[in-house]
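First, the structure itself, so that you have it in front of you.
Labels run A, B, C, D and E following the written order; every chain starts at residue 1.
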């Protein structure tokens, strides 16, 4: 069998990529996808760790995180749509009125 | 087959709020009543919830007195009903009530969306209330998300101003990012301990020596970052100025207050209960964040020309001061500080909202010129509140600062205290700047009418600031009992 | 008794605040009338005060028990004169504020709050309580300067506030540190001065704490080179503000050094004698030299305060009977004379709306009574024997020679400089023919103004000629301070006249 | 052996999908990449016996969430590709620096310390204990986790109310 | 009697207080008379109180009044012994006469009553000084007379020169006081008390020579300030800006002799410090001749007298420095008589000349003002040391003492002798210029006879100038015996024994006096053009003298101007620019830091995310590093 640590390493890489994606992409939707990537990494970590320790709670936790992710998506997309309809852009780089 | 371990009392206040939110939404759909009715429902639920919180408090006190603390843990250890949680919840309720009252103008102007607005506020409070009382980190995360998502929406909930869009999206993206980081930290702590409950982690770390704690340390770090974001500690604070400035004036005080209370209550509980065996490793980091927050917040606040941004940076500085309390390992000091600061913050934003006016989105410092003439009530209240935030003696802010500073010193962080007192001096400068403009410069602009509810909010905030400052025992004695399990 | 003394002005402030703003004519008279209550109480306190060491009329109520903070008050010979002075000057300062037209109500309220804070600070025997008062005073003073001040009032008020707060911030840290050491040595937390005095500190810690306290008080005094907030604050403050600032607020610094630094850190205090003495003496000379060329009367008096307060600090760290007694009585005296000088400058300003020396000349001819008072106070300030200033300076100089002879000698040169800057200013303002048209029409003091100045003038004379009034009450307390230092360090307080001291003293020349 | 093979394959697929999300200039491609990752991760779940969660992953994520994403992408237009020019101050340098630091840190952890992902891992895995069937998950979900389960209701209410509130606003506003 | 000795001070003080508050109602001349009566009563009282001393054998007594500053041994106590009695009598006696004169002199001044207030206050202060029982109280009087001097010099405050002179007097005196103050510090530190009784009794056992010398020299600094000795004499000539009675009372007869009094009083200390004494004598002698040369060339009638006073004070210092205390005090007394007379006479002349003070514009006044002329003539003879005038006896005694002392003092003796010659010359010059020769008055000046009231004190003082010397002649040392108890146990230098030595010294001094007087008479009896030529002939020396060696100028350039410059640099460059600049700089630093940091908050979400992520990396790395991993 594969060492759970390897799964978690993959998860860490996913998290890392997701985080970097947050930094380099300017489309709000894609940024949001990156967050989903990160959450997936978290889920993978939880499941792998739970398995390594013979604990089912990891999987239960994943269930909740999935729900959270879904709810976040709904609201997030609503916000993005709302902004798009006013500004006709989804690029966060154009949202920098407030600074300093 | 197990049965759920139900303890209605433990969730009764949260339930009351959630129910009220649901009722508000349903009533709106069915009857489309006037905003006032919805407001009364919300107010009623807050009163009921507060009453239930008091009942909880008494029950918890009895249980502690009887030595039967196990009943304080409910739903299979999912949530706790300890004094710490109840106090935090009560603070949230008070801030919510004050927030709604001071932002009532905003809510009633929402028109048909008033119901959603109120429901979101109540739900956010419920979420944060869960957050401060939860024992399970996933539950805590759920509460955090419930609260945060509601706040993202609230931040964008205005039709007048493009700034609100920007605030909402910034808050949302950054908040989600931070949440993901936080929950990854939770996952890593789980990987290190096989525990998801705070008490469980604490027991585990207290009884076993982890040979290779790296994963736990990373987890702690990420949790600190995630919650550091919520409480806007530097360098995770960047959202705060923009959101405070862009979000509707009527809601910012609430938004800022509850996020700080819940974030810090959770952070203190995790750090001081769950992973306190690692305090040798994270306290220096906490001190570092505290120093950066205090200095950066104070210095940046000096140069702001928008009062809301200034208050945001001052919030960053306050986050640093509260972190000093964590360095002092004193949960009661933190709770006191949170209660005091949140009340001041809501009060201050009530003034900001009143000065900016129902439609105005600007809170430029110039608007405050000669405020002492245009509205002595607003100017006087804001002065007291600002002085309270500055931590001048005879205000609650001083007692709060004194408490966390002395705890930090007693815990061996002398230099942190020295930096903290110096930073608070820098902070004086920008609080005074507003006072200067209000009192020492004259302007002939029209007087500002202050709604009755706002007067009440200000009265309470000012009285609380003064009473807790002059007779700190009135609150400190309570806080002293509000210990985490 | 002492609680009443603190609460009386606070209650008075509330009463005044409750009078509606539209009855503007009532506020000031009411404030003056109400400020007579603390004055009466202070007078009574002075009357019943027994000349003996230790604190009297002590009150000790728990404030918040777990922190060990208390409403601990007490009065001794060191604080008594300051309490009396404060209570006396407030009605006078209010009486001198008739020219204030805007927001008179708030003004009176702030002055009364200030009084409560100042009296509280002098009576507090709990470090927490003291700090509360010490810092709380800033607020009303800040408003007084900021709202009713001159052109650059905002700059001055913020500078005053931040500068002072900066010093006290570190003191707060040191107070916490002291309490920590107490609790780790005695197992309970306490902020009471009497308790904290029992803490044993290692040398390094004690020095750090001493420095933190000293910094706070040095800024307040202010000692060179931390003095630059003072001229600005004085120049901009309204008359009443200047009076109270110079007469009382600054004394919190010297009082603090004497009361807290010496008591809490005897070892470090003894070690710091050369340093503090040198700083004080630099201040004496520097303040005087700078005062000579100031173009603004208020600034001149402000710098003279820097110089005079240097004497007090020198006397404090002389650690002799004379020095300490001189420091305490000079606290009082400087309050009276400089307070009166600021009153006078304020009266001039009310008439002429300028404080620049160059704008005046020949005033003695048009305002002889005013000139008389001014000259009288000037000479009191210069330290003319027979007037109060001399008593303090003489005690300090003679007293400090025994421990710091060279510094005492340099310091006495400050007396020469005082004559130069004050008399030169007097010459420029009052003598000659009044050549400017505006000056020819100035009216002399009104009976009200004379009434304000007369009590101060009487005090100047009484203390100058019969200082026993105060010294009898001060003496036992200052001796107690010296006893404390002697018992907790190797330091021996020099008592000149004992034969074994003679030879060392003789060698110094 | 099979597990290892599938693991490697799916791990590569997941990472490739993730990279696609980040580097694709068109959001549609990003969405497709995300789909790949989600699917691969679901397989990884299955490999670890988390059957229920894997199913939810496919249904909720791939089914609902991604659809929503694509819907919004379509709504706001796919005509504009992102340029690669970085116009933010410091951003590119910061990303490179951060990336390198993290890689170095990870390398250091892996090479110079006895870093363990699961320090408390059991010597012997008990497959049944983590066999995430519906029943196995359901039991804790409705007993010890019941409160959390109920709390998700709040989340859903908020999403609904929030979405309505935000959308409502457009109707009157525009 | 002795219990009420404080009345001597209290009477004039009370009068001063009364005049201060009621003077305006009393008006002129009643307030003047009140003041005079107060002083007179004081004089009578002092005389009565002093009677026991005349009879001999009476103990000196110390009368404690009340505590002042016990911590430094200061209290109010009165020392009543022959020395203080003598001083009190001189002060009140001469004071009374001058008061009488002033009633007339100040006639018509709008601040008439105020003038007498100050004058009374001065007398009270001076009495405090001489009756003080300890150094602190002495210092009180010492400073108070300085105050009165300030007030009275600046009495006509609308004249800028008067105001400036007043300030100068006070400040220069303060410089002297600086020394005196340090002396007091030393005294207290050494003895633990400041009372005369305590100090003098224990001086020999307590003081080392070093300390005693230090104290002595420091007291000399103080005395030099008050008694206008080199280098602090510069204020006295300027002090002539005050009304003439002030010059007579304060700047000739009484206050300026305080320095002499202090040194005499502190004889017990100087006893232990011969070097200090010698310095005193030397300073005195140099001052004497220095001021005499300046006096030679002055044109202002009061300035001549002022420099003459400085010179005569030098004599007194020479005396007390030679430990001839009695001689010094004797000269102090006689000088009070004749110098007061000279000043009053000059005052009368000025009064008559409508304020003219330039002697070149006088001349021939003897006919117009015979009383003034004759009395001033007597005084001139007295100061010139022509027997049997008072000045002769006292000056002779000083010279004799110096001569007898020998050694270095012989040099001082010669200096003294030369000074006597010069004194005689310039005084005679003055008298001749004013009273003889042809009138050189300005137009419109019509000198009139002095009012009768002015005449009375002139005549009284003239009598004293003639007879005053008889209290201490080689034939009968009355004063010496009178003062003996004061200097008990102290080696006092006496004039040479035996009539032979007396005749030698006296002869020399008389010859000097006569030569000087004759020279002046011969030179200045001639028409103005001729003596002008004489003065021209002595250029540039004469000009230097006339400009008083330009000492004021020198001080101005070396002390005042640089001092002011230093003050300006301190105030504006150091204080404002540097120190305050640093303070504002720190504040500005934080503001600037804030401004500098503002761009960090770029407004771009992705920047924020980067910062947050970077923070996370730092936190994690720190934790791992802290965890030892």
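In this section, a contact is a pair of C-beta atoms (placed from the backbone, for glycine too) under 8 Å apart; a residue touches a chain by one contact, two chains touch by 3 or more.
Quick caveat: nothing in here was measured; it's all calculated off a predicted structure.
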| item | value |
| --- | --- |
| Intersection of the contact lists for subunit A and subunit C | B, E |
| Chain occupying the most central position, where position means C-alpha average | C |
| Of all other chains, the one whose Cα centre sits farthest from subunit A | E |
| Maximum inter-chain contact count - chain pair | A-D |
| Centroid comparison with subunit B (C-alpha atoms), farthest chain | E |
| Distance between the centres, which are taken as Cα means, of subunit D and subunit B, whole angstrom | 29 |
| Rounded Å distance between subunit A and subunit D, as computed from the means of their C-alpha atoms | 5 |
| Separation of mean Cα positions, subunit D and subunit C [Å, integer] | 69 |
| Geometric centre distance via CA averages, subunit B-subunit A, whole Å | 25 |
| Multi-chain contact sites of subunit A, meaning residues that touch two or more partners | 8, 18-19, 22-26, 31-32, 48-50, 52-53, 55, 57-58, 60, 64, 68, 71, 75, 78-80, 82, 86, 92-93, 95-100 |
| Multi-partner residues of subunit B (each touching 2 or more other chains) | 138, 142, 145, 149, 152-153, 156, 169-170, 173, 177, 181, 191, 194, 213-214, 241-242, 303, 429 |
| Residues of subunit E touching at least two other chains | 587, 598-599, 601-607, 609-610, 613-614, 620, 624, 629 |
| Touching chain combinations (by label order) | A-B, A-D, A-E, B-C, B-D, B-E, C-E, D-E |
| Of all residues in subunit D, those that touch subunit A in their complex | 3-4, 7, 11, 14-15, 18-19, 21-22, 24, 27, 30-31, 34, 37-38, 41, 44-45, 47-50, 52-53, 56-57, 60-61, 64-65, 68-69, 72-73, 75-76, 82, 86-88, 91, 94-95, 98-99, 102, 106, 116-118, 120-122, 125-126, 129-130, 132, 136-137, 140-141, 145, 148-149, 152, 155-156, 158-160, 162-163, 166-167, 169-170, 173-174 |
| Contacting residues of subunit E [partner subunit B, same complex] | 587, 590-591, 593-595, 597-598, 601, 603, 605, 607-609, 611-612, 614-616, 619-620, 622-624, 626-627, 629 |
| Subunit D partner contacts - residues on subunit E that touch it in the complex | 599, 602, 604, 606-607, 610, 613-614, 617, 620-621, 624, 629 |
| Contact footprint of subunit C on subunit B as seen in their complex | 387, 392-394, 398, 402-403, 405-406, 409-410, 414, 417-418, 421-422, 424-425, 428-429, 432-433, 435-436, 439-441, 472-473, 476, 480 |
| Parts of subunit C lying in touch with subunit B, wherever the complex brings them together | 63-67, 128, 131-136, 138-139, 142-143, 146-147, 153-154, 157-158, 161-162, 165-166, 169-170, 172-173, 176-177, 179-180, 183 |
